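Quick one: this structure, given as C-alpha cells, is what I'll be asking you about.
For reference, chains read A, B, C, D and E in written order, and residue numbers begin at 1 within each chain.
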Amino acid sequence: METLLYIALFAPLVSSMFSALFTTTPKKTFVGVIASLLIFTSFVSTSLLLASIVINGNESVHVEMMTWMATGNLYIPFGFIVDKVSVTMMMVVTLVSTIVHIYSIGYMDHDKSFNRFFAWLSAFVFSMMVLVMSDNYAGLFIGWEGVGLCSWGLIGFWFHKESATWAANEAFIMNRIADLGMLIGIFLVYWNTGTLQYEGAFEVFKTLDPATLTWIGIFLFIGAMGKSAQFPLHTWLADAMEGPTPVSALIHAATMVTAGVYLVIRSNELYSLIPNVGLFIASLGAFVALFAASMALVNRDMKRIIAYSTLSQLGYMFAAAGLGAYWVALFHLVAHAFFKALLFLGAGNVMHAMHDELDPFKMGGLKKVMKWTWIMMTIASLALAGIFPFAGFFSKDTILEAAFAEHHFVIYGVLLFTAGLTAFYSFRLVALIFHGEERYKIFGISPHEAYRFMLVAMSPLLILAMIAGVLQEPFFHMIEEILSAHEYHIHSHTTLWIMLVGTQVFVALAILYAYKKYANAFIKVPDGTSAIENSFVYKFLYNQYYIPYFYEEYLVKPYRELSDIFWNKVDMKILDASVDGIAGIIYGTGEKTRAMQSGNLSVMLRWMVVGFVVLLSLAVVFGLTARYSENITVIFSGLGAM
Amino acid sequence: MLDHILSILIFFPAIAAVFGFMIQKDSIRAYGISVATIEFGLSLWLWFTFDGNVSGMQFMENLPLVPSFGVNYILGVDGISLFIIVLAAFFTMIGIASLTETPNEKNMIITILFLQMTMAGVFAALDAIVFYVFWELSLVPMLYIIGAWGGPLRIYASIKFFLYTFAGSLVMLVGMLFMAYFFYQATGTWSFALLDWYRLILPETLQLWLFAAFFIGFAIKVPMFPFHTWLPYAHGQAPTIGSVILAAILLKMGTYAFIRFSLPLFPDASAAFMVPIAVITIIMIIYTAMIAYAQKDVKQVVAYSSISHMGVIILGTFALNVEGITGSIFLMIAHGVVSGALFLLVGVIYDRRHTKLMSEFGGLAHIMPRYATIFGIMLMASVGMPLTINFVGEFLSLLGFYQQSHILTLLAGTAIIVGAIYMLSAYKKMFFGDVTKEENKNLPDINKRELVALIPLSVIAIWLGIYPKPILEPINNSVEAVVRLMHNKAQSELAKERIPNLVKERASVIKKTVIEEEVH
Amino acid sequence: MLSPINVSMESLNLITLAPMLIPVVGALLILIIDIIKVGLHKSLYVVLSLLFLAMDFIAVVDSSGVFIANGTTFGLFDVMLIDGLAILAEFIIVGASMLFIPLAMTHKRFHEFSYPEFFALFLFMIAGFQFMVATDNLILIFVGLETSSLALYTLIAMHNRDKSFEAAVKYFTMGALAAGFFSFGAMVFYMLTGSIEINKIALVLAANGYADMGFVLIGVTFFLAAFGFKLSLIPFHTWAPDVYEGSSASMAGYMSIVPKIAAFVVAMRFFEFLVHSGNAWLDIVLYIVVVVTMTASNMWALVQTDVKRMLAYSSISHAGFVMAAILIGTTQANTALFLYWILFSFTNLGSFSMLWMSRQKHLPDYQSSDHSYNKFAGMIKTAPIASVIVGLFMLSLAGLPPFALFWGKLYMISSAVAGGYTVLALIMALNSAIAGYYYLKLIIYMFMKEPLQGSDSCAYATNITLALKTIVGIAAIGTIFAFVAINPLLEFITAFVHNSGY
Amino acid sequence: MFEAVAFYLFAFLTIAMFFITVTTSQALYALTALAAGMIFISAFFFILGADFLGVIQIIVYTGAVMALYAFGMMFFDTTRKVKEKRGNRYIIVGLSTLTAVLIVVIFAAPMVSKNIVALYPVIEDAGNIQLVGVILFTKYLIPFEVAAIMLLVAMVAGIVLAGKKMDISLTLMSSEEIKKEENKKVLS
Amino acid sequence: MEIGLNHYLVLSTILFAIGLAGVIKRKNLLLLFFATEILLNSVNIAFAAISHYYGDLTGQMFAFFIIAIAASEVAVGLGLLIVWYKRHGNIDLETMKSMRG
C-alpha cells in the first residue's frame, strides 16, 4: 500500500525531472509520451489505492517519510495520508492530469518549448499531490506554494508575451497575499495546539475557545480565497488564461483552484466548530458565484468566459462547504473537474483551429468542421448548466437543496439565479462558436478538427461528464463517515419536485434564450457602436466591475510610486543624506575653522592668549563663587530664590 | 590537531596568504583554490567531528593573551557558529574558483585569504576582544576589495562602508569595556571571556544601556534600518566576489553577534527592546523591499533584498524562543547561500555585458536558458518557496515571533509578498519578453567555471530545504542552551514572560512524542 | 652666622643623576671631537649618539632597579627624583631617541645631519628632557624644559630651509610666551605654599583644605596654558602643525613623541593631586580641553592635503586623547597613558620614518608639498611592500585591532569607563572613527588610485638606507606584534605607576 | 614710608617704561625703555633685600641681554620706524586689560597663607649673597649645573644659527651641487 | 601706608599684562622678544617679593634661574632672527605665512 502511495506521489516528480533534463533540447515527442505514462502510472496507483480503501472500508494509508523540520517543540515530518477525502482528490488530479498530458502532446505539438512544458506540468501534478496527500498543514503549504510556482511557470509559459508574464506574476503575487493569511493560520494552529498534524490539531481544536478557532478559520480561509480566486483576490484567474489551454484545463479549472475548497473540506472538523465563519464562507461563495457569472455574461474572450464560470462554480463549492455540506462540495468539485476540464480542452481545440483567436464573435458555425468538439463542448456546457442527467445536475442541485434545507434562502435564491446565468453564458459561448454564420472566414482562417488522439484522450472526461451523476450515491456512502455527511432531505417530496423541475425549466429557458439570441445569422463582430455596448451595465460588467482598474490605479501604481519615493526621496535624500550630512558637517567644520590656523604667528599668539584669558575668567568666576559662596547663598535665600 | 583545529582554521589561510606573495602571478589562482579547498576540507572535518548532541562549546582553546587585563585567546564553536564557519570556508572556495579575469589577481586572492581568516576568527572567538579584533580586521580586506576592484564610485563606497561600520563598532567596544568593567567590579578580576560574562546578571537599567551600545555596532553591520545606507553602495560598487562574501558572510556577523552577545548577556533588555526592534525589522522588510522594487540595477535589487531578509533574521532572533532563534540562524545560512548565489549570478551577466541595468536586458531566457534556470531556482529560494533553504528559516523565524506578537508577525509576514513583488518583476524584466537589444543576441550561456560555483549552491539550496535536519539539530541544541540561560537570567516580569521556560514546556514535548508513537 | 654644611656622598644618591649625565658627557665628547677634527662623517656621530643613548638606557634600567628595590628615591638635596613615572618616561625618551637617531643616515644629504652640533644638541636635549621628568622641583623642571626646548628649536632650524626657520621662530616665540606662563604659575603656587616642589605644594594645599581655591585656579590656569602649549592642547596647539610641517619628517615624528611624554609626566605629577582635590572647575576645564583637542584637531586633519600636516593634526588629537588619562586620574588611566605612548611611539615614528624615506629634495609639478597625498597615489603598484607598511601604520594609528595602538586605545577607553567617564569614553571612541577617515584617505590613495602621470616610481625609496629600513622594520614589527608585548608591558607599567603613588 | 614712596615711584616708572616698550613705534625707544625698566626692576630687588638678584638683574639684563639686543638691532637695521598695523587694537587692549583686571581682582583679595614653612629661611646676620651662595651650591646645585648646560646649548645654538654653517643649505641642494661645494672647499 | 605683598603682586600682574599685550600686539619679532622679556621680569618681581615676605630664599633662586633662562632664550632667539633676516631681509611677523590651514 505504501509503495502504491509513493508511486502515486513520486511518479509525477520523476516525470517532471525527466522532462526537465530535456528543457534546453529541441522538441522530443517521447518526452511527452513518457511523462504521460508516468502520470498514468500515478493514476493507476491512485485507482488501486481507491479500490483498496473502498473495499477495506474505513482504513486509510498513512506514512511518514522523514522529518522535515524539528526544533524546539516544533516537529514537522513529510507525512502523507491517503484517506477517503484525499483519495477522491487524488483521483481527480491524476485522472485529469493524465488526460491533459496526453492532450498536450498534441496541443503543444508545434511549440519549441514542448519539453519544458511537460516538466512544468508534471511538477505541478507532483505539487498538487503533495498538497492533497500531506497529513499536516506544513506539508499542505509545500504543495500549496508548489502549485503556485508551477502555475507561475505555466501561465508565463510563453514568456516572450508581456501579457503572459504579467499575468504569471500577478497570479503569483496575489496568491502570496493569501498565502500570508494561510501562514498566519498555520502559526495560530501551532501555537494553540503544539502541532501541525491534522490529527493532533483536530483533537485539540475541540478544546479551544471559539474566538481562537474563529481566527484560525478566518486565516486559513484567507489562504483558500487566494488559491481559489475568491473575491477580492479573483482577478488573477481570468488573466491566467494567458497560459496554454491545457494548463487552464488542469490548473485553473480542475485542480489547483479547487485547492481552497479542499482545504476547507480537509479542515471540516475546524469549520464545523465555527458555523459563523462557515456562514461567511457560504455567503462569500454565493456572492462570487453570482459575481463571476455576471462578468461571464458579456465577456468576449472564450477562455475568460470559461474562467469566470470556473470562478462561479468555485463559489458554489464554497457555498456548500460553508454550509457544512462538505461532501456535496467535494462532489461538485469532482464533477466540475470533469466537465470544466472538458470544456477547456474543447476550447483548446477551437483555439488551435482558429489560430489562437479567442473572440467567439469572430467564430461561428464551427460545428461543421469540428463536430466532435462541438459535441463535447455542448455536453460539457449542459453538465455545467446542470441539465439532467449530466454530472452537473447531481452535484449542483444538491448544493441548492442543501442551501434550502439549511434554511439559507437568500443563498439559495442567489445560487438558483446564478444557475440560470450559468446556463445562459455557457450556451451563449457554444452558440457563438459553433452556430450561426461562419464569421471567421472574414479573417481568412481555415479551421480543422484536432488530432484524433486528442479527442480520444478527452473522451473519458466526456463520459464522466455525462455519467458522473451515478457516482453520487456510492460517493456519499464512501465519504459519509469521514466528512460526517448527511443527505439533505427537503421536508416534502412535493417541494423537492417543484424545486427540481423548476430549476430545470429555468435553466432550460436560459439555454433557449441564449441560442435564440446568439445562434442566428445576424451576429456580427461587435464594434462598440451598439446601444447595449454603450450601456453602463455592459461596460461595468465588461470591465469586470472596474476591479482590475481599481487595483492598477489604487494599489499597483501607488506601490510603484511609493517605492520610487522611498528610494529617491527617503533613502537617498533623507537617510543616506543624513549620514553623509553628518560626515559633511564634520568635514565642513574642519574646512571652515581651518582658517583659524592662518599661519600668522601673531594670530597664533593671540589664540594662545585668548585661550588663557578664557580659562582665567572661568577660574576667577569660579574662584569668586567659591570664596563668596556663603554670601551668595545668603543673598539668594534673602531673595527667596533658593 | 583536533584540539587546535579552530586556530588552524583561522590562521591557515593567513599564513597561506603570506606565502602567497612568493607565488608567480599566473599560478596564484590554482594556489588560491587549493588553499581554500583545504580550508573548506578542514571546516568539513570540523563539522564531521562536531558532536551535534552537545549544546555547549566544543573544540575550546584557551591561551592567555593579556591576562592582567582579562584578554584571552579563547576559541570554541557550538551549533550556532559551526555552520557559518563552514559556509565562510565554502564561499571563499567558491569565490576564488569562480573568480573571473581580474587585474591584480594575485592581490585579490591574497586579500580574500586574509578575509577568510577574519571571518573564521569572528565566528570562533569566545573572547570579546578577540572577537572585536577579527570583527574590525574583516573591514580591511573588504575595504580593499571594494576600493580597488569596484565600480566608478568605489572609493566613496568603500570609505562609507569602512567608516560607518568602524564608528558603530567603536561604540560597541565601549559597551564591551563597560561590560568588562562591570565584571571587574563584581568579581575583582578583569575578563573579556564571553562564557564568564554569561554568568553575570546585570541590573536592568544597565542592561538597557549596554544593549544599546552593542546594538549600534551590530545594527550597522547587519545592516538594520536606518543604518543600512552603506550597503547598497558597497554592493553596487563591489566586484562580484566582494558582494558575494559581503552578503553571504560579513553581514551575518551582525546577526550572529546578536545571538552571541545581546541575547544571553542582556535578556531583560532584549525582552524590553523586542517590540521596537520588531518594528524596525518590519520597516526593514517592507521599506527595503519596496526600494528594491524601484531599482533599475539588478545588483541593487539583490542588495536591498539582502536588507529585507536580514530583517526577518533579526525578527527571528528577537522571538526569544527556540523556534525563532533556530530559524534565524538557519536563515543566516540560507540567506548566505541564496544571496551569495544571486550575486554570483549577477556577476555572470555583468562579466558578459558590463552593465547591471535591467533595462539593458530582457528575454535572456531565450538566449541563456541554463542561466535563467539557475537564476529561477535562486529566485524562488529567495522568495521563500517551500522546499528551498530560505523557507525553512523564514518559516521558523516568523513562527517563533508569532508567539510574541500576532499583529507584528502579520506585518512582517508581508515579506513573502513584497519579496515576491520585486524579485519577480526583476526576473521578468531581465529574462522575459523578447530580446530587444542587439548586444544580447549572442551572449554565451553560463560556462563551466561559473557552473562549478552555482551548481553546488543550487544543490544546497534545495537539499537543505528538503532535509534541513543535519543543520537544524545542532543549532537547535545550542539554541536551547541559550534560551535556557536567558530564562534563568531574566529578572523582569516582562522578560520572564517573553522568554519561554523550556523546562515547563516539557509537557508538550512529551505530547509530541506521543503523537510520534501514534504515527508509527 | 652660617653654619658649615656637611654633605655625605650617600645622601646625595648620585645614581639618580647618572642617566642624565651620560648624554651630557656624550654631547660634550662630540663637541670636542668636532673641535679636534672637522668634517668627520655623520655616521660616526650617529653611532656615538647611539652608544651614549644605549648607555643611558642601561642607566635607566639600573635606576629602575633602584626603584624596584627602594621605591621612590630622592637624591642630590631632594632635587632629583627616581620614581616610576620618571623611569617610564625616560625609557620612552631614550628608546624613542634611539629609534630616531639612525634616521640621520639617509641616502641624501640633509643639512642638519652634516654637522656634529646637531648630535650634540640632540644629546643635550635628551638630558634636558630627562631632568624635566626626573624631578618634582619646578625650577629644575623649568630649566630642563628650556634646555631641551632651546636645543629643539635649533634642531628644527638646522634643517635649513625657509619653512624650517619659520617653524623654529614660531615655536620659539610661542615657547617664550609659554615660559612666561610657566614662571607665573610657579610664582602663584610659590606664593600659596611657600614651596616649589610639587609634593610639598600638594601637602600644603591639602593641609589648608584648598582654602584659596581662587588662587589655586589662577595658578592652574597658568600651568594649563604652559603645558597646553607643550602638549599642543587646543587652543595652545597652533604651533604644532606648522612646526611639524616645517621640520623634517623624522624630526616631526620625534617631536610628536618625546617632548610630549616629558610634558605629560610633569602634567601628571602636577595635576594628579589637583584632579583628586574634588575641584569641579579643573574637571570641567580639562574635560572641555580634552574633548575639543581630540575633536577639533581631527576635523582639521580631515581637510589636510599634506600627509605630514595631517599626521601633525593627528598627533594633536592623540595628545588630547591621552590627556584624558590625566583628567581621569586613576592608576589605570596613568598606566594607559604610558602604554598608549609607548605603542604610539612605535607607530608614529614608523609612519613619519616612511615619510622621511620618501622625502625628495625637489618637488615634481604634481606635488604641492613634501608629502602631499597625491604623491602616494597608486603606490601599491610601484612599491608594494612600502605601501603595505605605511598602510599598516595608518591602520594602527586609526586604532584598528590587533595593531599596536588599538591596545592603547582599548586600555585608555577602558580606564575612562572604569573612572566613570562613560560619555568621555564614547567621545573618544567616536573620535577614533572620525580619525579613521584621514588615515584611510592615505590608504585609499596608495591602494586604490592610479599613479599620477609622470610620477617617479622610486620616489618612495629615494632616501632609503639600511639604517632607515631597520628602523621602519622595528617599528613595523612593534606595531604588528604588539599584542605579544602588551601583557608584560602592562604589568610592568602598572607596577611602576602604582608604586609611585599615581 | 620710604618703602612706600620708593615702591610707588618705581612701580610708576617700571610700568611707564614697559608701556613705552610695547607701544612705541621706534625700536630704539623700545630698547631704551626696556633697559630702563630692567634697571628700575632691580631697584625693587634692592628694596626687597635681594641684593644678589638686583646685581644679577643689572649685569645680565642691562649688561648682556640688552647688549645682545642692541647688536641685533644694529644688524637688523630697525632703527627706522617699525610699521605696524593697527587693526586689532581692541582685541589687544581688551585682552590685556581683561587679564590684568582678572588677576588683580584675585590678588587684591586677602590671602589665606597658612602652613607655609620657609625651607631656606633668610638668616638675619648673614648677607644675602652668602645665603644665596649656600643654597645655590647645595640645594640648587643641579639646577645650577643644568642652567650651565642650557647656556652652553644656547651658545652652541647661537653659533650654529648665526654662523656661516647656515649660509648654504645642504637640504635644498642636489647631491651634485653638494659635491661641487665640497670640492670647492678642498680647493680653497 | 604699609606696602604689602599684594602691592607687589598687583604690580607684577600689571607688568605681566603689559607684556602680554606686547606679545599679541607686536608684529616685529625683535620687539616681540622685548615683550617676552617683560613677562619674565614681571614674574621676577613677584618672586622676590614673596621671597621677602615669607623670609624664604627659594623665590630668589627661582628669579635667578629665570634670569638665566631669559638670557639663553635671547641668544637662541637672536640666532634664529639672524638666520631669518639673512634670508628675507626683514624680521616682520607678517612675512611668516608660508604654512597655513
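Here is the rule we use: a contact is a pair of C-beta atoms (placed from the backbone, for glycine too) under 8 Å apart; a residue touches a chain by one contact, two chains touch by 3 or more.
Only a predicted model underlies this, so the values are computations on that prediction, with no experimental measurement involved.
Visitor: Check every other chain and keep only those touching both chain C and chain D; list them.
Guide: A, E
Visitor: Using the touch definition from the top, what's the fewest steps needed to get from chain B to chain E?
Guide: Minimum step count, chain B to chain E: 2.
Visitor: Averaging each chain's C-alpha atoms to get its centre, pick out the one most distant from chain A.
Guide: D
Visitor: Taking each chain's centre as the mean of its C-alpha atoms, which one lies nearest the mean of all protein C-alpha atoms here?
Guide: B
Visitor: Quick one: name the chains whose C-beta contact count is the highest of any pair.
Guide: Counting C-beta pairs in contact for each chain pair, the top pair is D-E.
Visitor: Please report how many Å separate the Cα centroid of chain A from that of chain C, as a whole number.
Guide: A distance of 76 Å separates the two centres.
Visitor: Go ahead and note the Å separation of the Cα centroids belonging to chain A and chain E.
Guide: Taking the mean C-alpha position of each chain, the two centres sit 94 Å apart.
Visitor: I'd like to verify one number: the distance from the centre of chain B to the centre of chain D, where each centre is the average of its C-alpha atoms, in whole angstrom.
Guide: 69
Visitor: So what's the Cα centroid distance for chain B and chain C, whole Å?
Guide: 44
Visitor: List, in ascending order, every residue of chain D touching at least 2 other chains.
Guide: In chain D, 91, 95, 99, 103, 106, 109, 111, 116, 118-119, 131, 139-140, 143, 147, 150, 153-154, 157, 159-161, 166 touch at least two other chains.
Visitor: Could you say which residues in chain B touch two or more other chains, in rising order?
Guide: Residues 163 of chain B each touch two or more of the other chains.
Visitor: Which parts of chain E, given as residue numbers and ranges, touch two or more other chains?
Guide: In chain E, 5, 9, 16, 19-20, 23-24, 26-27, 33, 54, 56, 58, 61, 65, 68-69, 72-73, 76, 79-81, 83, 94, 96, 98-101 touch at least two other chains.
Visitor: According to the definition of touch, which chains form touching pairs?
Guide: After working through each pair, the chains in contact turn out to be A-B, A-C, A-D, A-E, B-C, C-D, C-E, D-E.
Visitor: Enumerate the contact residues on chain C facing chain E in the complex.
Guide: Checking each residue of chain C against chain E gives 138-139, 142-143, 146, 150, 153-154, 157, 162-163, 165-170, 172-173, 176-177, 179-180, 183-184, 186-187, 190-191, 194-196, 241-242, 245-246, 303-304, 309.
Visitor: Quick check on the complex: what are the chain D residues that touch chain E?
Guide: Answer in residue numbers: 1, 3-4, 7, 11, 14-15, 18-19, 21-23, 27, 30-31, 34, 37-38, 41, 44-45, 48-50, 52-53, 56-57, 60-61, 64-65, 68-69, 71-73, 75-76, 78, 82, 84-85, 91-93, 95-97, 99-100, 103-104, 107-108, 111, 116, 118-122, 128, 131-132, 135-136, 139-140, 143, 147, 150-151, 153-155, 157-162, 166-167.
Visitor: With touch defined as at the start, can you tell me which chain D residues reach chain C in the complex?
Guide: It is residues 103, 106, 109, 111-119, 123, 125-126, 130-131, 134, 138-143, 146-147, 149-150, 152-154, 156-157, 159-161, 165-166, 169-175, 178 of chain D that touch chain C.
Visitor: Residues of chain C touching chain D in their complex?
Guide: These residues of chain C touch chain D: 1-2, 5, 7, 17, 24, 31, 76-80, 108-112, 114-115, 117, 120-121, 124-125, 127-128, 131, 135, 137, 139-140, 143-144, 146-147, 150-151, 153-154, 157-161, 164, 191-195, 204, 207-208, 211-212, 214-215, 218, 248, 361-362.
Visitor: Under the touch definition given earlier, write down the residues of chain E that touch chain D in their complex.
Guide: The contact residues of chain E facing chain D are 1-3, 5-11, 13-22, 24-28, 30-31, 33-35, 37-38, 41, 44-45, 48-49, 51-52, 54-58, 60-61, 63-65, 67-76, 78-83, 85-86, 91, 94.
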